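Before we start, here is the structure in question, set down as structure tokens.
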Amino acid sequence: MDTALPMKTSAGRFFEDFRLGEVIRHATPRTVTAGDAALYSALYGTRFAVQSSDVLAAQIGYERSPLDDLLVFHVVFGKTVPDISLNAVANLGYAEGRFLKPVYPGETLSAVSEVIGLKENSNGKTGVVYVRTRGLRSDGAEVLEYVRWVMVKKRDEAASVADQHVPQLADSVEPSHLGIGCPPIDVEAYDFGLAGSPWRWGDFRIGERIDHVDGMTVEEAEHQLATRLYQNTARVHFDQHAATGSRFGRRLIYGGHVISLARALSFNGLGNAFHIAAINGGRHVAPLFAGDTVYCWSEVLDTAELEGRSDMGALRLRTIAAKNAPCTGFPGRNGSEYDPAVVLDFDYWALLPR
Amino acid sequence: MDTALPMKTSAGRFFEDFRLGEVIRHATPRTVTAGDAALYSALYGTRFAVQSSDVLAAQIGYERSPLDDLLVFHVVFGKTVPDISLNAVANLGYAEGRFLKPVYPGETLSAVSEVIGLKENSNGKTGVVYVRTRGLRSDGAEVLEYVRWVMVKKRDEAASVADQHVPQLADSVEPSHLGIGCPPIDVEAYDFGLAGSPWRWGDFRIGERIDHVDGMTVEEAEHQLATRLYQNTARVHFDQHAATGSRFGRRLIYGGHVISLARALSFNGLGNAFHIAAINGGRHVAPLFAGDTVYCWSEVLDTAELEGRSDMGALRLRTIAAKNAPCTGFPGRNGSEYDPAVVLDFDYWALLPR
Amino acid sequence: MDTALPMKTSAGRFFEDFRLGEVIRHATPRTVTAGDAALYSALYGTRFAVQSSDVLAAQIGYERSPLDDLLVFHVVFGKTVPDISLNAVANLGYAEGRFLKPVYPGETLSAVSEVIGLKENSNGKTGVVYVRTRGLRSDGAEVLEYVRWVMVKKRDEAASVADQHVPQLADSVEPSHLGIGCPPIDVEAYDFGLAGSPWRWGDFRIGERIDHVDGMTVEEAEHQLATRLYQNTARVHFDQHAATGSRFGRRLIYGGHVISLARALSFNGLGNAFHIAAINGGRHVAPLFAGDTVYCWSEVLDTAELEGRSDMGALRLRTIAAKNAPCTGFPGRNGSEYDPAVVLDFDYWALLPR
């Protein structure tokens, strides 16, 4: 055997491998299908009528049922993992996420990321990488974009990193940027009975809190099926043998799985919030493990009209998920400390019929 | 926050919330797809050839493979849960179930229930609600109807319930009502070799017992995936945290999951009984938990010709499922007592080629 | 009840039931769909771009994304189980496997096996059955063929077996027989960036070893879902109650599940080896159980050009999977003994762009 042969496997990028401004085309375009939609349904039990019924969706202005926005997010996110976060220590945050087009079964998604920030940590062992990722349809149309930042290990502590930069990120997406991912909706044709909730955009108030009541216990097989469906290759989710010797001793559940669980549970209270227009921020406060039960509650942080549209309005929601503790007491953050049950703090804009 | 805001979440109806004659349109219409069929296959391993092969189905008279009758049942049933049985203590029985049309991938199902009976229990804490549920295609055609009755908690023990009534329900569906859900079958074109069984309708005798031999162990992830696929929101199936303090200490497996397991296992012996025409009755004798292994056997209770049809005949079957005990000894009911292994006693009409 | 009624269940064939030259048409044709493809993705996390993106597949010469070759293999294999291996003690090997046509969602597969060898074991309790199985599309076109041999119990130790014969099987499929299952590929249009690997056929050398690095832990629910999806009815995979009293005390994982896991993991290093052209041999060295973590590595055993084709070349690969032990040390066979971690030794031809 020729020992000079190049290594065929990829170990993923380390912190010093990233360059500011670099554009990374991610591998494995993915045609999403009704099969993915069925699996998403089985994994989370989502009940938003627009994503469930082709007929209802077509009646109000969609071609047919679009895929769940978070399924699109996870598929796009998954593509970035082998290039961005294979050597990540932690997924630190999200910002400036926008859903730009409905995605229908049969469409093919790919992803491209731009490195928009790099900041070495003072310990010299890790650094924070900021990327803006775009999810693209095969005709080039952008369906999604978001920024995330992750802490990535350095391969070589001595390696120097030339250009460093911490990007300015919006605290929340401007209302004027919302709505492009939602076609004009014929609210007369929207059947609130079939949708399962009478509450329209105007029925919610800033500061209102909603306990979504139900709990969902997660199994290893479930989060592994989900994470593989998204072609997310982060090892921490799949390898119990390696995990046994690690800090937690357990496989970690993909943070996006928790977001989808919370979103599905939030149907009870937010049944007409069928479209996520934007992700303002998100923090995985604590890890979730198989056997844990997820509960969640939401607070209305803001409301907004959509420029030039009388069909839909936007609610800025903060959904907090907790493990092994019902959310009747609205566990959250007390000063800088989270309630120990909290696993997710997710801030997003959802659209509801007016 | 405005404390006068209406509660956005639904706690489900309690016994005193139902009115005799009330018609409830259930939420979340659902377009069923090839993705659902694939999941159903993965969940139960069903092998009825008509539901497995578009080609075989088209050769004998279907448009293509219809969805499994029980998948249709579970999807329709699931819709009723948030309105009917979210506060149920027990699912008591089924009757007068009829499958009225094949359902194909791409069709959209919804459900409507009429309250046909109400009977308060003498303890004043619960009552029995009887509903007749209809599963509808988006063009309004009825694909399924059945009656079920459930014991539902009262919110307020002092609440009075005006009109009470216990409906008369048929012990079994009349043979003259069978067959409408099955198109005319070209039995010459039905390939008994590919179907996996040589036994036709005429080969079975009243009183014949069939041990279906195989056992299937159920995992938490499996029944949760199934029950979410059906958008069935009953909390007892999903919330281990709450279950830990409950009577059983475990998540309960959706009774319909057991019916589907038994039906799939019954293929070994009833391979040509590809269509369920009617459900005469069903009783979940004991709960099933993850880790339990399901076995089953069937008895031929009756046989019937179908009016005006020489292609298919009907067998009235009683399929009994037991847990953690093979069914070589045909465990059943001895007087009023069931064998302690029995979990399901299911009485239905199936059609087979003549 | 008429006690003279024939037994309706099948107990499967025992060794003395097979006849040399016998041709067995297997039951349950199966229309494979995008739902199956989605489940395959969720079960293994496969990332080969041709099977993932309709657009990429169409650009290079396929109609659209073909189903994963191993999904086709498992579906065809599953059909043979009720007739061939329901009473098998062990699945001994595979040979002369060839993938002859891409299979697309919507096509219907069936299977036929010819008994090409029979050899009673000296203990008189078992014998080895050799079958050549053909997977067929509904238009009769052959999509796959392979030989496997299994050790099958005798029903009656005293039964004599007339014609015995051990077939001569090729050590490996001749390169001249490779490639028919892969359409002409437009390599110019093949996007190595989207495919996730820069390495072409010519970049690999005989003797080269690739550690595929990642590990995947298997859950009971996962292998059961997979094996049922393939309509494989072998009891050892599903029945914990029976397994509890058996040699291992556990449900055995279908060997094909391990092959698919290893294949999916091999993407890291063999990302352009998108088509399996042939299976030369395969041995399930040791059983895998739920909770085990699978790792694997591959060795390039040979390389071959394809007659008359300049688009694709073939690599003969030996992929070895181990459990609960990373493959950095390339665990394999030392003389006649395998490293105790090894569970699979799989020898196949894969095609890569040149």
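By letter and in written order, the chains are A, B and C; residue numbering begins at 1 in each of them.
Here, a contact is a pair of C-beta atoms (placed from the backbone, for glycine too) under 8 Å apart; a residue touches a chain by one contact, two chains touch by 3 or more.
A quick note: this is a predicted structure, and the numbers were derived from the prediction, not measured.
*Asks:* Taking shared residue numbers divided by all residue numbers at the interface, is the value for chain A and chain C over half (same) or under half (different)?
*Replies:* Looking at both copies, the contact residues mostly diverge.
*Asks:* Quick one: how far do you have to rotate chain B to sit on chain C, C-alpha fit, nearest 5 degrees?
*Replies:* 120
*Asks:* If you average the CA atoms of chain A and of chain C, how many Å lie between those two points?
*Replies:* Each chain's C-alpha centroid was found; their separation is 36 Å.
*Asks:* Send over the residues of chain A in touch with two or more other chains.
*Replies:* In chain A, 33-36, 38-39, 219-222, 225 touch at least two other chains.
*Asks:* Could you list, by residue number, the parts of chain C that touch chain A in their complex?
*Replies:* 33-39, 41-45, 47, 49, 52-56, 64-65, 193-197, 199, 203-217, 219-222, 225, 268-271, 291, 293, 295, 324-326
*Asks:* Which positions of chain A touch chain C when the two form their complex?
*Replies:* 1-2, 5-6, 8-11, 25, 27-31, 33-36, 38-39, 82, 105-106, 108, 110, 138, 219-222, 224-229, 231-233, 235, 238-242, 251
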